[in-house]
Amino acid sequence: MKKVLAIVLTVAMVLALTACGGGTGKASGGDVVKIGVYEPQSGDNGAGGKQEILGMQYANSVQPTVKIGGKEYKVELVYADNESSNDKAVSAASQLIGAGCSVILGSYGSGVSIAASDTFLEAGIPAIGVTCTNPQVTEGNSHYFRICFLDPFQGTVMANFAKATFGAKTAYCLGQLGNDYDQGLINYFKQAAEALGMKVTTEAFPEGNSDFTSYLTNAKNAGADVIFAPCSTSYAQLIIEQSATQGVSIPLLAGDTWDSNVILNAAAGKNLDIEVSTFYQEGANADFESSFKAWINGDSTNLANNGGNDTLAAVSVMGYDAYFTALAAMEKAGSIAAADIMKALPDTTYTGITGEIKFDATGDAERDSAVIKKVNTKDAAWEFVAVQGVN
Amino acid sequence: MLTEKKDKTGLFIGAVCLAVLYVFLILLDNVIPQNSFTLLLVPVLKKGAIYSLVCVSMNLLNGFTGLFSLGQAGFMMLGGYAYAIFSIPKDQHAAVYQYFDGGLIQFSIPEALSNVLGESAGAIIGSIICIMIAGIVAAAFAALIGIPVLRLKSDYLAIATLGFAEILRAIFQWSGLGPITNGSNLLRKYTSLSAIKIGSLKLATFFPFFIAGISIALIVLLINSSYGRAFKAIRDDEIAAEAMGINLFRHKMLSFVISSFFAGVGGALLAMFQTTIQATPFKSAMTYELLLIVVIGGIGSISGSCIGAFLFIACNEWWLRFLDNGSFMGMSVPFFRDGFRKVVFSVIIMVIVLFFSKGIMGDREISFAGLARRIRGSKPSGGKEAPAK
Amino acid sequence: MSRPVVLSLENITMQFGGVVAINNLSMEIPEGNITALIGPNGAGKTTAFNCITGVYQPTNGIVRFMDKVIVASHPTGKDLKNYKGWNADAYAGMKIIDPTPDQITRLGIARTFQNIRLWKSMTVFENVLTAKHMRAKQNVFSATFRANAKEEKRMRDETMALLEEQGLDRFRDELATSLPYGLQRRLEIARALATDPKLLLLDEPAAGMNPQETLELSEFIKQIRDKYGLTILLIEHHMDLVMGIADYIYVIDFGSEIAQGLPAEIQSNRKVIDAYLGVSEDE
Amino acid sequence: MSGFLEANLPYILAGISVGGQYALIAIGYTMVYGILRLINFAHGDVFMVAGLVMVYTSASMPMVLAIPVVILATVILGFAIERVAYMPLRSAPRMSVMISAIGVSYLLQNCALYFTGGLPKVYPEIPLLSNSVTIFGATTKVVTLITPVITLVLVIALVTFINKTKLGMAMRAVSKDFETSQLMGIRINNVISATFMIGCFLAAIGSLLYFSNYTSVIPTSGGMPGLKAFVAAVFGGIGSIPGAVIGAFVIGICENIIKGMGLTTFSDAFTFVLLIVILLVKPTGIFGEKATDKV
């Protein structure tokens, strides 16, 4: 019995090895250009990562080829799951490099992007951040670009919005302990809010926490006018649910992570005021949306990855734009070599669904406004509120 | 007195194998052209070496001293942080500690040494010093934690050490300590493996093997010394050990502190490998993973832990990744989608645990002396390399 | 009784919850003597050993070794309230001394166990060598870096000598637990001797041995006593062995001493015979 | 007074309700430990699987049917885990069994990850349990109030079962002395299976209550509650059922008071501090029996 098992295991290992060797061996060459999709597909940010990938997949289905230097290349997306975890970042990144990707897209979540940054740098492969908003992703990195706005901007936008719309005097911030995205955004929100004369209380919940009633009571007892909770959707769902059952009617504000179906589903039918800042407002481009939705509805896996319905998340749209930005950079470079693309990227411009993408000196897209939208709890849909700038 | 003498041939073969490995690693970094295979191989090798060290240190505690401790990830975290904090260059402080006004500790050992000794020497010596600091910090914490928890027995010790690791993690993520630990945010821009080179000779893969090799050699020497025998005596029968004059608390503490020292060194190497460090991944799941490796390799076997570490890392992060991609050798397979790799992987682990409960090596060691004897055609007699039971 | 007393127990009482396992036991063991502690099963013999060797803290009483108090205790708190033994106040003013077993061994008291406790993953040689660890003149650094090779060699040589003397050298690389029962007992004694004791406590050394082996063991015990200048306290059921080698005998039953004296006196003592034969009260 | 109550009652309520849920999981840990001396690391994941099964069954059948199906499925899962992963290792060293438990936990989590695709699943609303009520100005779910009641009823039933029935007696005998019970003709394997099934039954009930309150199920959902419940079991003296229940309530309430005091960063850490303090003061927990090694 044991011997048979041992043999079976060994054979499986060898097969696996050859499969990898074979699979990656014949990777480059031919008329294929590979784009690495460096996204979380599991872990805390798995849901967001999947939606971002959807955008890229859709874009790939819209335009599966690219013409570079008169030659037609088939664009192949190569995926690596970074499991929302920094300690898996290097090997996931190496996998993409090993597969011969010319450019990398991602990741959802700034921490994993920063963690893989040096690996991409050493390999000389440019990366385009889609929705990673932490300034450190691109700061001091010549190879990392991004097409979204940054946390200092987003935090300030939300602080301004809290002041202007709700006349907030006291804000309660809640983020996950050990999550750099949450803590970073809260930090900028706090700076801006205090500059506006607000009183800010910050608290953090430990990973794996599911009881938020005490935090909500704390917010209530602190006399908060708004709760700013830019955490990942798994926790957001619990916060929404529990503030409804606790009867806490303080408006909930959050950043781009909350722009997700998960939030809509959780908030449906509840008496809550939830407002988020994001990259894109659904309904801004009807043609694009209807075909995107048709594509999502056409495949059950896609539908499941989008959270079970066809509401477009802004990250999906950003993923779509990122894909085309990458193609634009290749066309501009006139080459599929990573080094050429990296050289071409700073001057690449692309007008996407979410607006014009143009990189500044640090490699960040020049964005001066964010979309603020609010949950219509009756219809479980997003409602446009405002386009808000810093000033 | 025959077996007392070191078998010279065995030692020689071992040394040659090690030398060949090290030369290969240096070639891998410098001469062998990068291709899709080496690109995947190199990170697995690096991480495998680091995990080997950490698992051997865990084996020292759990396998050789019989102390069931689950705090290893916590000590790795301490080491990783200590390393990073003391090696972030001065001009990067403002960027790294962006929310904490550039942080509290305003010097970098590798940088300071680079100014004196030149860049590559400074980076190498500086990072080695920081690795030592990492080990010492972890060991110091272990000594503090050990005073209360080592009085506890078996499962209670396990749960208390696990608890301490979780407490440490919360403290490190606390924004009150932000100026030192950067709170919930990453530490980065410190001296990483790619900075380890002599002139243009890259040592990025060699270095973790080198440090892990020395550390494991030290642990092996310790295990084969009088103290190592005392540890094993405690594992086999605490009451008899105490009756033979072995001070339980002192020896358990020694084992705990030494194990933590090397876990700290491993943590520092992991930080170098990852190029960024954050407290989040160092949770109990990581300790469980290490424990699984130790068991798969064989509790009480150093070479088993090393083999286990490489196999585990390779399977987890390389060989089985194709299971996630939806196709196998060009064919698309219905069950293959993301997450399937982990299912298969955990089934393999269960099979090993259930059907090969002694692990790959049991409590034996790979012995070059035995190998030499086998080559010469005589049977191995007694000693460590023969099956113990 | 002109020889100096090596070990003395004074009024040792050991109470577990409501059960008094030893009640007011006093003993004196002169240097170079072989003293036996006998009694029926469950009389409290091993408990007495455990009180001497620091495994248990006695509830009351003191133990002296070479004129020095090594164990001292008196009931306090909850124990005092439930105390059922002899005079609770006798040592009330005394500082409690509760050493760990290794401290006792360091002083020069070694023991064997009733249910053999050899280190099962180690060879015969390693079992004895490890017992030498306590007296090794090296710290963890010098041991790891082999800085004091002479010390290590001395330990190994002494161990080898000890094994040869016990006739165990043939088995040096065998696993300790693979030895036949009688040899395991011998190995335990060899291991205890490796700690350089002045006093050796043997807990039923002849348990499970046939008459021939028992006879050999008696000779062996006398031999090591003379060779190492030991004082020996042993617990035993085998009357042949006890009567053959003991210089003096203490008999306990239900935790209390019922007789003491020379072997011949004990053999004819009515109380002892009753205790062993379980004579009922009315007879 | 009413202001004080209104401000602080939610903490206590949350604490009691969380405590009740921990208690139901903790009993599973403590019973298994009592008999096998095994920390069943997979127990928290069984709890998570129960939650996931509920998500999937409730989508395809009415609630009255779904709840019994979930409970049954969880009990069968517990039985299967014991038979497959623990029974073959009965004579193996304790460490191996514990590793097997970690392996099962790993497997369950990864299977959950595979089936859910890593997306959080929304737990269905159970009529009655999920409704909101207001007491003393504090609003909460019905389940919060019901949890301690259900917990106490189940614990009393369990204790009666263990003290009064033949199987219960066998369980007590096995936990006192494994080998002797075997010699006395007790069918060890049946007793152990029964223990696992009872533990999983309670975990399933616990999962119903827990996820009705915290309506998101992810593969790691079982981790923290599992760990906390285990801490509760150790706190109360592992092997003791009343100990586990009291430990669970103490931990649940303390945790929420700590959060209320604004020390949110350390709410988990505090649980472990509490544990370590108790272990140092009373190494076998509050109700644990002192074990002495026979020399």
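Per-chain residue numbering starts at 1, and chain names A, B, C and D are given in the order in which the chains are listed.
To be clear about the criterion, a contact is a pair of C-beta atoms (placed from the backbone, for glycine too) under 8 Å apart; a residue touches a chain by one contact, two chains touch by 3 or more.
Keep in mind that this is a model prediction, so the values were computed, not measured.
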Item to check | Chain nearest the overall Cα centroid | outcome: B
Checklist entry - Of all the other chains, whose mean CA position lies farthest from chain C? => result A
Checklist entry - Could you state the distance in Å from the CA-based centre of chain C to that of chain D? => result 47
Next on the checklist: Rounded to a whole Å, what is the gap between the Cα centroids of chain A and chain D?
Outcome noted: 36
Item to check | chain A and chain C, separation of their C-alpha mean positions in angstrom | outcome: 72
Checklist entry - Any idea how many Å lie between the Cα centroids of chain B and chain D? => result 33
Item to check | Junction residues of chain C - those touching two or more other chains | outcome: 55, 113
Checklist entry - Which chain D residues sit where two or more other chains touch them? => result 113, 117-118, 223, 265, 268-269, 295
Checklist entry - Out of chain B, which residues touch more than one other chain, so two or more? => result 170, 173-175, 239, 337-339
Checklist entry - Which of the residues in chain D come into contact with chain A in the complex? => result 7, 10-11, 13-14, 18, 113, 117-120, 122, 132, 134, 138-141, 210, 213-216, 218-221, 223-225, 256, 259-260, 262, 264-265, 267-269
Checklist outcome for this item: Interface with chain B, chain D side, in the complex: residues 33, 37, 39, 41, 84-85, 88-89, 92, 94-96, 99-100, 102-107, 110-111, 113-114, 117-118, 223, 227, 230-231, 234, 238, 265-266, 268-269, 271-273, 275-276, 279-280, 283-284, 293, 295
Checklist entry - Can you list the residues on chain B that touch chain C in the complex? => result 1, 3-4, 218, 221-222, 225-227, 229-230, 232-233, 235-237, 239-249, 254, 258, 300, 363, 382-383, 388
Checklist entry - Where on chain A does chain B make contact in their complex? => result 1-2, 5-6, 9, 12-13, 16-17, 19-25, 27-28, 41-42, 79-81, 85-91, 94-95, 97-100, 111, 114-115, 117-119, 122-123, 135-136, 139-140, 175-180, 182-184, 187, 202, 204, 206-207, 301
Checklist outcome for this item: Within their complex, chain B touches chain D through residues 62, 68, 148-149, 151-156, 158-160, 162-164, 166-167, 170-171, 173-175, 239, 284-285, 288, 291-292, 295, 299, 337-340, 342-343, 345-347, 349-350, 353-354, 357
